[in-house]
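Okay, so here's the structure we're looking at.
In order of appearance the chains are A, B, C, D and E, and numbering begins at 1 in each one.
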Amino acid sequence: MQDWLSPAEWEAVRLSLRVALWATLFSLPLGLAVAYALARWRFPGREVLNVVVHLPLIMPPVVTGYLLLLAFGIKGPIGGFLDSTLGFAFAFRWTGAALAAGVMAFPFMVRAVRLSIEAVDPKLEQAAATLGASGAWVFLTVTLPLILPGIIAGTVLTFAKGMGEFGATITFVSNIPGQTQTIPLAIDLLLETPGGEARAARLAGLSILMAAAALAFSEWMARRVAARVGGR
Amino acid sequence: PSVARAEVVTVFAAASLTTAMAEIETGFEALTGHDLAVSLAGSSALARQIQQGAPADVFLSANPGWMDTLEIDGLIAQGTRRDLLRNTLVLIAHDAQHPPVEIVPDMDLAAMLGDDRLAMALVEAVPAGIYGKAALESLGQWEATAPRVAQSNNVRGALALVALGEAPYGIVYATDAAVEDAVSVIGTFPAETHPPIVYPMAGIAGHEGAAQSALLDYLQGAEARAAFARQGFAVIAD
Amino acid sequence: MLEVRLSHSLGALSLDVAFEAPRGVTVLFGRSGSGKTTIVNAVAGLLRPESGRIAVGERVLCDTAQRLHLPPHRRRLGYIFQEGRLFPHLSVRQNLRYGQWFAPKGARPEDMARVVEMLGIGDLLARRPGALSGGEKSRVAIGRALLSAPRAILADEPLASLDEARKAEILPYLERLRDEVDIPILYVSHSASEVARLATTVVALEAGHVVAQGRAEEVLGDPAITPLGAREAGAVLAARVVRHHADGLTELDAGGAALWLPRVDRPEGADLRVRIAAHDVIVARGRPEGLSALNILPGRVQTLREGSGPGALLAVDTQAGRVLARITGRAAAALDLGPGAEVHMVIKAVAVAQADIGTAR
Amino acid sequence: MLEVRLSHSLGALSLDVAFEAPRGVTVLFGRSGSGKTTIVNAVAGLLRPESGRIAVGERVLCDTAQRLHLPPHRRRLGYIFQEGRLFPHLSVRQNLRYGQWFAPKGARPEDMARVVEMLGIGDLLARRPGALSGGEKSRVAIGRALLSAPRAILADEPLASLDEARKAEILPYLERLRDEVDIPILYVSHSASEVARLATTVVALEAGHVVAQGRAEEVLGDPAITPLGAREAGAVLAARVVRHHADGLTELDAGGAALWLPRVDRPEGADLRVRIAAHDVIVARGRPEGLSALNILPGRVQTLREGSGPGALLAVDTQAGRVLARITGRAAAALDLGPGAEVHMVIKAVAVAQADIGTAR
Amino acid sequence: MQDWLSPAEWEAVRLSLRVALWATLFSLPLGLAVAYALARWRFPGREVLNVVVHLPLIMPPVVTGYLLLLAFGIKGPIGGFLDSTLGFAFAFRWTGAALAAGVMAFPFMVRAVRLSIEAVDPKLEQAAATLGASGAWVFLTVTLPLILPGIIAGTVLTFAKGMGEFGATITFVSNIPGQTQTIPLAIDLLLETPGGEARAARLAGLSILMAAAALAFSEWMARRVAARVGGR
């Protein structure tokens, strides 16, 4: 195994997992909140929020990466603020890669969760309210469990995207081995190199294996959830 | 112009030649009556597409490596390959007031960088990155600076990083640095520090004909030379 | 005491009602689509009425004049929904416990074991609602509302899909709740025996408007109002348990007159309300002899109302109170019945149905 | 003729039943959770029984021995579900028409206008099911099944959430269906009056097993079997309409004896089945005079069954047929009733409830 | 307007719309079929199909584009076959761009539709069957109308992706003005071009406007559907 992939490539694998994991962890609550707002509330700016959420899908990834760079770079308003106040930086770090992956996957997360929220019968939520559950509790004890299928779908899409994001990542945080060189960036590098195809294929295969494992896990989870709700 | 024999001629050109190719398209069409289609992408993508039978008549690569690959595959029309353009490598800085730096073996690039990043194109894959790495190696700077290098997937990416100030320094082509106001060139890498930066051109096998020859000729002609030169390229004379 | 004043329009229905539900059970009835569920929803806070005021005791739940609309979870009303609405992702036990999680510290909820036993859902506790039968679902829904330590209970046809035997187990529990626990119960029902047995107050609806309301005895005993249909007319008498006899009969005292019923499961001295359906009473001029019917009450005809059909409704004042009898016009003529006539009301002991015996408030 | 033989286990329930549903209505009853819906699902093809055979007439719908299991859509059974199951995306009109889209060319479905009128859903046609009241939903569900030109009807507590007045409109329609259309109807119900009125055949279930089955008259008139509970015992008499009188009464002939009922809406000469609830009958030794009750049938006591409580069930053979009476043990003793005793059965005309009159098959 | 965007840029806009439209049109029925199979059937190879559907998400777009090139290029087995039998080609034509967009959006289409299918109450489908509807009719008259929200979500995601797809497209069909140069490719080129940022921003803005219109339309559709099902 050791010579099957180079140490740098193993590093890329580790990094990809970390990036995908954190991208998923962070976009989940935010995606949930945005999906809930879009599904249930009517507020000024709703249409704008909806478009903004979909932007990463519409624009070439390079543009998204460039905009991220403008906003979250060290010189950018948000990145600069975070850097000066918390000492936390996205630029040229794996955190930035996770941010890019999360942003790129955000439309899918939001859509999946939103679809599920829209399918929840408000009558059940009303029933919970008559039993004394306040809005937050209704969400936690009724809505959330019922939208688990959507959350699982969104999570798995985000994780997969986190494993596969390329364009926005390389534009935003460059390709720094051990810092931001995730599997897709490593693969791209190999493909740019004449004769790198075989090694690229190995990396791609590994990436597919990991994603397949994540998928199988999510399917298993989804089946459990379905079985619970179906009452079997 | 023999409009009666007008054809669509397709040229696959490295993305860094975009502006020059726009001028050349107008001029070539006016001169020959042929319709010129220009496909601009990374050299590796273009080379792969040609391997897969893309309808390219002429390939203009930013990288001799990919041209070699095609040549080995027998995809290049006999005797059409030429080195067309030459470029130079420069060290750029975000700071407009930055004093010039002498690019010599005893410079200390790592010290200049400190905790910051040096923006380059992919040092293993993209020509500008490969040349840059070679130059730093021959100057004895690579080992110290390598951990501080941020690699973009093309030169424009590296340029953008410096232009935005995310990275204080970068290594790019002179042609790219020339058109970006937000960066200043603080040094030029001596030609002997890296292999010659050449853009080879060739006709594609199976597409030989009058149209292909016309384009190859035009690309080496005076109008094209002028267009390339306006973008900062050095045109290699035959 | 639950006070409700509402007006709201919903599609073709324009609702405009005002009624009070004192302690005990207030039964709301009316035809399908007359607005019963809509009213209950408004009380529960699930519907914001266009205008109106709803209060439980001192506590105002909704007052459109003051732009007050307490959210449902702060009303603490145990709502038994017409369609169950069990949480599909929770087990039956978790469904039952759901309300307790949010009950205020001080609240003393019903005893879980007792409710489970009464509803016969002990075997279902670990199951999920998805695979329950229709009646099982409705029983769990009843339990969930009862166990949430509510300030009032709203029950929308809770017993509709249950068999008689199960109803017979649940009704006494609801009666106990009505009598022992000081919370108003708003109860939607189509069933005459449920109405007769549980209702303290009756509110009859028609197309969104109240057509009759009042104490159950009055509304059900008034021959002019037969809100459940003529077939369901009947009077309600107040009585006290005198003695349980060895042959299984219970002797009651209704205003001095003796009434014999199959054993009533209440201690001697307890106050009861006994409903005597008008169609279960036979009228005789002379005192009949040799009949299997044990209860014969002499009285004087108060009113005779002839309906559009062959029937007539006779209101007779007896020692025990006013008793209604439904007879044919032909019999009324044959017996020469009219106001002032002296008659005997023949009531079979067993005709006073178990289901129609309620304990008095 | 519907033949059902099934065994299947579902959770804690192990179902093992065999019964036949001839022409007319077969009422399936039993406590909540006894397996009624499960049986109906198997007949509809929604559940594949572990073993068994189901056939409608010549047509075998399911035979596990032959590994035959016709899919639901090829069975063409009009199933009125316990929970409605209306299509939320279709209007009420489209829901009603849904079955017609798939009815075979030759089928002559019920008349839409008539069904809509009977169910009182004319105003709802353009609405969607989401905002219908509980009773409105169940009426639309009934209409949808009736209009699908089915080969048999499966009705799972179709009238549970309807008011008496609406039931009174729907029941005659179901009777007509039973009598005029030659399709079997399998009907789940908890309601004694529905059972008495509609049932041709009765199948009583307990925990997945048949405990009684047979012709309605036999099962309901057999004092040993009181499947609906003692309170609901009653006999069913066959009678013929003799004449409609001007005072609104209808004279019937029951085996030579005259029976007087409030106007029955059937032509003279029509055959009827009249249910006389055991608790509505008063027993007298001598012929009573001066009573408002119009029907007095002499007869001879056949059996006297004393129950565990204070009541006794008396079966009396009269000219009109066997009549049951529920009386107290005390009265039985006082009147010295025992097998062979000559008695008079006193039946109020109005006590023969409208709901308990059915037209004969 | 004429000088606001160059004729070539207008061409890119037209092309993008065409590509997005066809990508959506073609992936819709296929996505529906795959989603239905994954949601409802248990068959050997189900897990593999699931992974294959997600592949475009996991792999860098360049790899997907390269694989498309290998399979659907003129020299590729499928592309060669189509070319020789039907005379139909994907390579270096807008059809190829549509294929790339469709493939890249496929995971989202499938996920969205699948989520909706899993939320349909089988009891309603059973009710339709008892009324005489065969499997296909049940699907058409009950399942399909009930999953419209998912279909709308999938469609809008695919359309947006069709407007924004870059990596796989440029790798598969190159960047040929009038043939394969969609808006994202044009933007990327402008970004490669010194001084092209302003023009790139204009194109991006136009692209966002069009996607926002598509989004608004989809929201309107979804509201109509929800209103129908909700009965209001």
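Operating definition for what follows: a residue touches a chain if its C-beta (ideal position, glycine included) is under 8 Å from a C-beta of that chain, and two chains touch if they have at least 3 such contacts.
Keep in mind that what you see is a predicted model, and the values were worked out from it rather than measured.
Trainee: Give the chains in contact with both chain D and chain E, ordered by label.
Mentor: A chain counts here if it touches both chain D and chain E, and no chain qualifies.
Trainee: Measuring between Cα centroids, what's the chain most distant from chain D?
Mentor: Here the answer is chain B, farthest from chain D.
Trainee: Find the two chains joined by the most C-beta pairs in contact, please.
Mentor: C-D
Trainee: Which chain's C-alpha centroid is most distant from that of chain E?
Mentor: C
Trainee: Need the CA-centroid distance for the pair chain B / chain D, whole Å please.
Mentor: Chain centroid spacing, chain B to chain D, equals 91 Å.
Trainee: How many angstrom lie between the centres of chain A and chain E, each centre taken as the mean Cα position?
Mentor: Once rounded, the distance between the two centres reads 20 Å.
Trainee: Can you work out the whole-Å distance between the CA centroids of chain A and chain D?
Mentor: Centre-to-centre distance between chain A and chain D: 60 Å.
Trainee: Tell me, which residues of chain A touch at least two other chains?
Mentor: Residue numbers touching two or more other chains: 66, 188, 191.
Trainee: Multi-chain contacts only, two chains or more: what residues does chain C have there?
Mentor: Where chain C meets two or more other chains at a single residue, that happens at 83, 127, 131.
Trainee: Counting only residues that touch at least 2 other chains, which ones in chain B make the list?
Mentor: none
Trainee: Chain adjacency by touch: line, ring, star, complete or other shape?
Mentor: Graph shape here is other: it fits none of the named patterns.
Trainee: Using the touch rule from the top of the page, what pairs of chains touch, sorted by label?
Mentor: A-B, A-C, A-E, B-E, C-D, D-E
Trainee: Along chain E, where are the residues that touch chain D in the complex?
Mentor: Answer in residue numbers: 123-124, 126-135, 137-138, 141-142, 145-146, 225, 228-232.
Trainee: Using the touch rule from the top, collect the residues of chain A that touch chain B in their complex.
Mentor: 66, 69-70, 73-76, 91-92, 170-171, 173-176, 188-189, 191-195
Trainee: Per the contact definition, I'd like the list of chain C residues that touch chain D in the complex.
Mentor: Against chain D, chain C makes touches at 10-12, 29-33, 36-37, 82-83, 120, 123, 127, 131, 133-136, 139, 156-157, 160-166, 190, 192, 228-229, 231-232, 247-249, 260, 262-263, 279-280, 282-286, 288-294, 309-311, 325-333, 335, 337, 346, 348-351, 353-355.
Trainee: Quick check: in the complex, which residue numbers of chain B touch chain A?
Mentor: Touching chain A: residues 42, 44, 47, 65-66, 68-69, 117, 119, 122, 124-126, 149-153, 157, 160-161, 164-166 of chain B.
Trainee: Under the definition above, what is the set of chain C residues touching chain A in their complex?
Mentor: Touch residues, chain C against chain A: 44-46, 71-79, 81, 83, 85, 87-90, 98-99, 101-103, 127-132, 144-145, 148.
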